[in-house]
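Two complexes are shown next, each including subunit A; its partner changes from subunit B in the first to subunit C in the second.
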Partner chain A sequence: MEKEKNGFAFYAHIYKKILIQDLKSKMSYRADFIISTIGMLFTNVAGFITFWLIFQNFPQISGWTYHEMLFLYGFSMLALTPVQCFFDNNWNLSRAIHSGDFIKYCFRPINLFFYYMSEVFDIKGLGQFAFGIGTLAYSWNKLGLPLSFRNIAGLIIGVLSASLFMIALMNFASALHFWIVGATSVMILIFKFKDYARYPITIFNKFFQFVFSFIIPIGFMTYYPSLFILHQERISILTYLTPVFGIVFVYLSYLFWMKGARQYSGTGS
Partner chain B sequence: MTRVKKYLSLVRGSILEGLVFRTSLIVSIIGNLLYLIIIYFLWKAIFDSSPTDVVNGMTFYDTMIYLVLASAMFQFMDTFVVWAIGRDYQSGQIVEYLVKPMDYQAYIFFAGIGNSIVAFFITFLPTFIIIYFVTHGSIVLGMNLVFFAISLICSIVVNFCVDFFVGTICLYTQSIWGVNIMKEIVVGLLSGATVPLAFFPEKFRMVVDFLPFQAIYHSPLRILTDQKMTGADYADVLGMQLLWIVVTLLISKLFWKKSVRKMMVNGG
Partner chain C sequence: MEPIIQMSHIDKTFKVLKRREGIKGSILDLFSREHTLLQAVNDVSLDIMPGEMVGYLGPNGAGKSTTIKMMTGVLEPTKGDILVNGRVPYENRTKNAQDIGVVFGQRTQLWWALPVIESFKILKDIYRIPDRVYKDNLEYYDELVGAGQLYHKAVREMSLGQRTLCDILAAFLHNPKVVFMDEPTIGLDVSMKSKIRTLVSNLNQSKGTTVILTTHDMGDVDALCKRIVIIDKGTVIYDNEIEHLRKYFGAYRTVKFKFKANRKDTKGMVAHEADEIRALLAYKFPEAETLQVTQEEQWVQLLINEEEARMMDVIHSVMEQKEIVDMNLQEISTEKVIQKIYEGGVL
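Showing the complex of A and B:
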């Protein structure tokens, strides 16, 4: 069966093939795989312990209870899984560009961005996904939220749209490598935003609520989409706009990344 | 004399290296400011929700100073020791260092210290000044600054020894990222850099007090924020840090000596 060269099925097929190769090579470093997965779990548990410690001393944070905060934390972990699993190769872009290896991606008859990102699937993200589900289920139960179709659908759509913001930011940050040296520090800075996403944006004053919604879109990574389930009375227009903004933002980051990639001229080696 | 000279040239080299990456220094200042904003509002919200202004002996400003400076300290003390050892080992380059007439541990220390010095002046000091004004001069500027400086130097050494110990673990595992992230989490939590140790429940606290990690962040930050400290308290804190320097230095040296003998290097 001749598959169309730019259809979805064609790309899914290629992704599967590359993914299997990647997993095979990872499995040959089994100890690294196990230790990295445990390390990832450490970071997730640490966030949990931090909340636990804070709430040992304080009953609530500006109206937010322990379990509500855990709900946001669980939500944010789920929303950060896609960027961790599917777009982790952004971290290797600097090396690929400066060593000249990047040129190989430019010569393939498939989408350059897709090919580059497909090369790495980060399994560590799955541990985070599992821990996020666990945290969310625990707080969901404690808060007595109904397990309705509306909430489940809202959760899936909310997590998927929230995940787009971190993906877009990381694409923007890594694409800077095409123009400047030392962009890794920008990536590290932006990657830290994921730690800030777990806090309700209402703790900030009006000015910073605006900044963290429209200039640095931290609010969309957890707070706005999670309101749909957590606090129906507080749902804002931004909750419904999360998917729209997310798609536009990712598309812009894709264009920016590709613009950088197209003007890449190799290192001559 | 030549002993000192060779280390000084290492330090000079790494200072120059640190100055090359100006973009990353500017970005890390922006990152610190952002962290400061987040910490400010988060802990303000936390303290506003509390019936009292002082919780476990710490005010809102004390907590701010403690956490923001902990983050700034992390940046200038983190010289990627675990990565350096792990990569030297995996690439096989470690063999070259082992045959040189220089202690590998000392080499790694001095090759990183220049970066720390640059980062200290370019990121830590500005952060210190900013937090001083943000908290309306809540940092007492007196003799405690001298003790703080001494304590900070001790912190650097303890932190390095812990890093070197963890880096040596990389000779056994194929993992650098995983080992390093675990270290960062454990040190961050148990040293008070994430949540000040004063907020820990008592049982937790007792365990933490017997570990070397509190000698990295908690000791200097307590000196800076705790205004009720007496001369004996200072001596106690600094004495404990010195003890931890001796212990961690010994353990990391022994562990390294043992590991190097068993080390196998492929190619290189």
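Showing the complex of A and C:
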């Protein structure tokens, strides 16, 4: 049974293998595992408290009710899970480049980007996923949204497409390390933008609506795709374009990252 | 036979950014960048035949790693032609990677958190190593260096020596045609070095793998390589058999001992011990006429000509007679040899 080297099955198999081993070894360092789980719980709970406090003072924000906002919150948590789980190694790129360790990724006969990202699976993302599902289910119920095939399919496609935007942004930001020193601050800045993703972009002024749609496209991380379920009457063309834009954007970020990696020449040693 | 590696007139020039000072400087850097050119490799031509073990030597910053990076396809030469296994490495990096193995000393390529055997299993899939080959190699490794004991240990819990050993084993796992080793023995103790020399020499012979090795320890190349290439400031200054160089690092070895103290007066004692050792060795190795025993502060130092007496035999004789608390085997640095070459005017 000869597997095609560039084939999806080949890479899925390798990823699965690395992932299983990685999880096994993480479990064996139990203290580490427990502490990071607790940390993840606190971060999420703190996020909720802030959110709840805001709504103690404003029953509505620009016409959005508490439960609608909660829906967006849950949606954005789901959409941010893939970047957290599968692309977390972007955060280590700076260290790998400056220590010269990045070179080791260049010696394997497999795709460099894949190999680099496969090294880290951040299990904390799964906790976020669980919180997201819970929040979404609660608000879904409170809003009395129908559990139709249309809505479920819309949710799955919407979350998957929305997740591509944060992945792409983080790839772009981390790839800057290949050219400039101190790109970490850019990464942190971009990563902060994700917190705005959970608000409907209509609460921002026209200028920021434009920026968040076409410059730093966080509108696609929650707002546009969730309109499909939440406010059918407001669905915009951008809602339908979310998957297309997402795929194009991720692909561009991949090309940019690879271009950087290829011109990386290593530190002299 | 065709060479497996062909480099002709290879240059590599790095553009190094000139950074200006201070905040104002870094803002200026954003708009206009000034570069200086640094020529790391200068007109290097090399043909390496299949199965050869070549010692690639040179002082720090000579361009050794840069050359290896070009041969592995990580860097593109600025000028010149290069073929490895009949391919241009830079244009076929992933294809080239299938046929080569790489070891960078002190930089493991194994998965840090995983037991070695799990890393090997992942490599088996990545390189698509047939079951038979994989199994045979693991058995052979165990036979050669008792690798079986290490297989279930996580890489992060290993000593530098164990890690290097496993990295070398990993580099040979898919039976590559060429293995590049960049300073694999750096920071290792004498016994680990000797273990690694045995391993590499066996692997090269049994598999016919071509090996390119850089090191600062003349002992490594003496044990492994017939051919030596020396590069200095990016230019090849020597490419010939190691035999022609032997007079520059010769057969002399220096070894130092510290013995267990049984008297208070240490100063007089070391001198006394040196006398004892001198007498002992004169008796055991009568033909070793140039053997010198001297006192070096707290140490007793021996200068041995290996053509007269084998160093290991001498050490054994000393060990039988006295209790050793510390021992130090001085390596001959490649830098010293290169310096002598310049002085001796071989070039």
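The rule is simple: the second predicted complex is superposed on the first by the 266 of 269 C-alpha atoms of A that agree within 3 Å, B and C clash if a C-alpha of one lies under 4 Å from a C-alpha of the other, contacts with A are read in each partner's own complex, and residues count from 1 in each chain.
Note that in this section contacts are C-beta pairs under 8 Å (C-beta built on N, C-alpha and C of every residue); 3 or more make two chains touch, one makes a residue touch a chain.
Quick caveat: nothing in here was measured; it's all calculated off a predicted structure.
Of the two partner chains, neither subunit B nor subunit C is touched by A:27. When the shared chain is aligned, subunit B comes close enough to touch A:204, but subunit C does not.
When the two complexes are overlaid on their common chain A, residue A:12 makes contact with neither subunit B nor subunit C. Look at A:58: by the touch rule set out above, it reaches subunit B but stays clear of subunit C. By the touch criterion stated above, A:153 is placed in contact with neither subunit B nor subunit C. By the touch criterion defined above, A:252 lies against neither subunit B nor subunit C after alignment on the C-alpha atoms of chain A.
For subunit A, the partner that touches more of its residues is B, with subunit B and subunit C as the two candidates.
Contact with neither subunit B nor subunit C is seen for A:244 once the two complexes are overlaid on the shared chain. Of all residues in subunit C, those touching subunit A in their complex are 14, 40, 61, 65-66, 69, 72-75, 93-95, 97-98, 100, 102, 104, 107-109, 111, 113-114, 118, 121-122, 125-128, 154. Only residues 3, 5, 13-14, 17-18, 21-22, 25-26, 100-101, 103-104, 106-111, 119, 265-266, 268-269 of subunit A touch subunit C when the two sit together in their complex.
On subunit A, the positions that touch subunit B within their shared complex are 29, 31-32, 34-40, 42-43, 46, 49-50, 53-54, 56-63, 180-186, 188-189, 192, 196, 199, 203-205, 208, 216.
For subunit B in complex with subunit A, the residues that touch the partner chain are 21-24, 27-28, 30-31, 34-35, 37-38, 41-42, 44-46, 48-50, 55-56, 173-175, 177-182, 185-186, 188-189, 194-195, 199-201.
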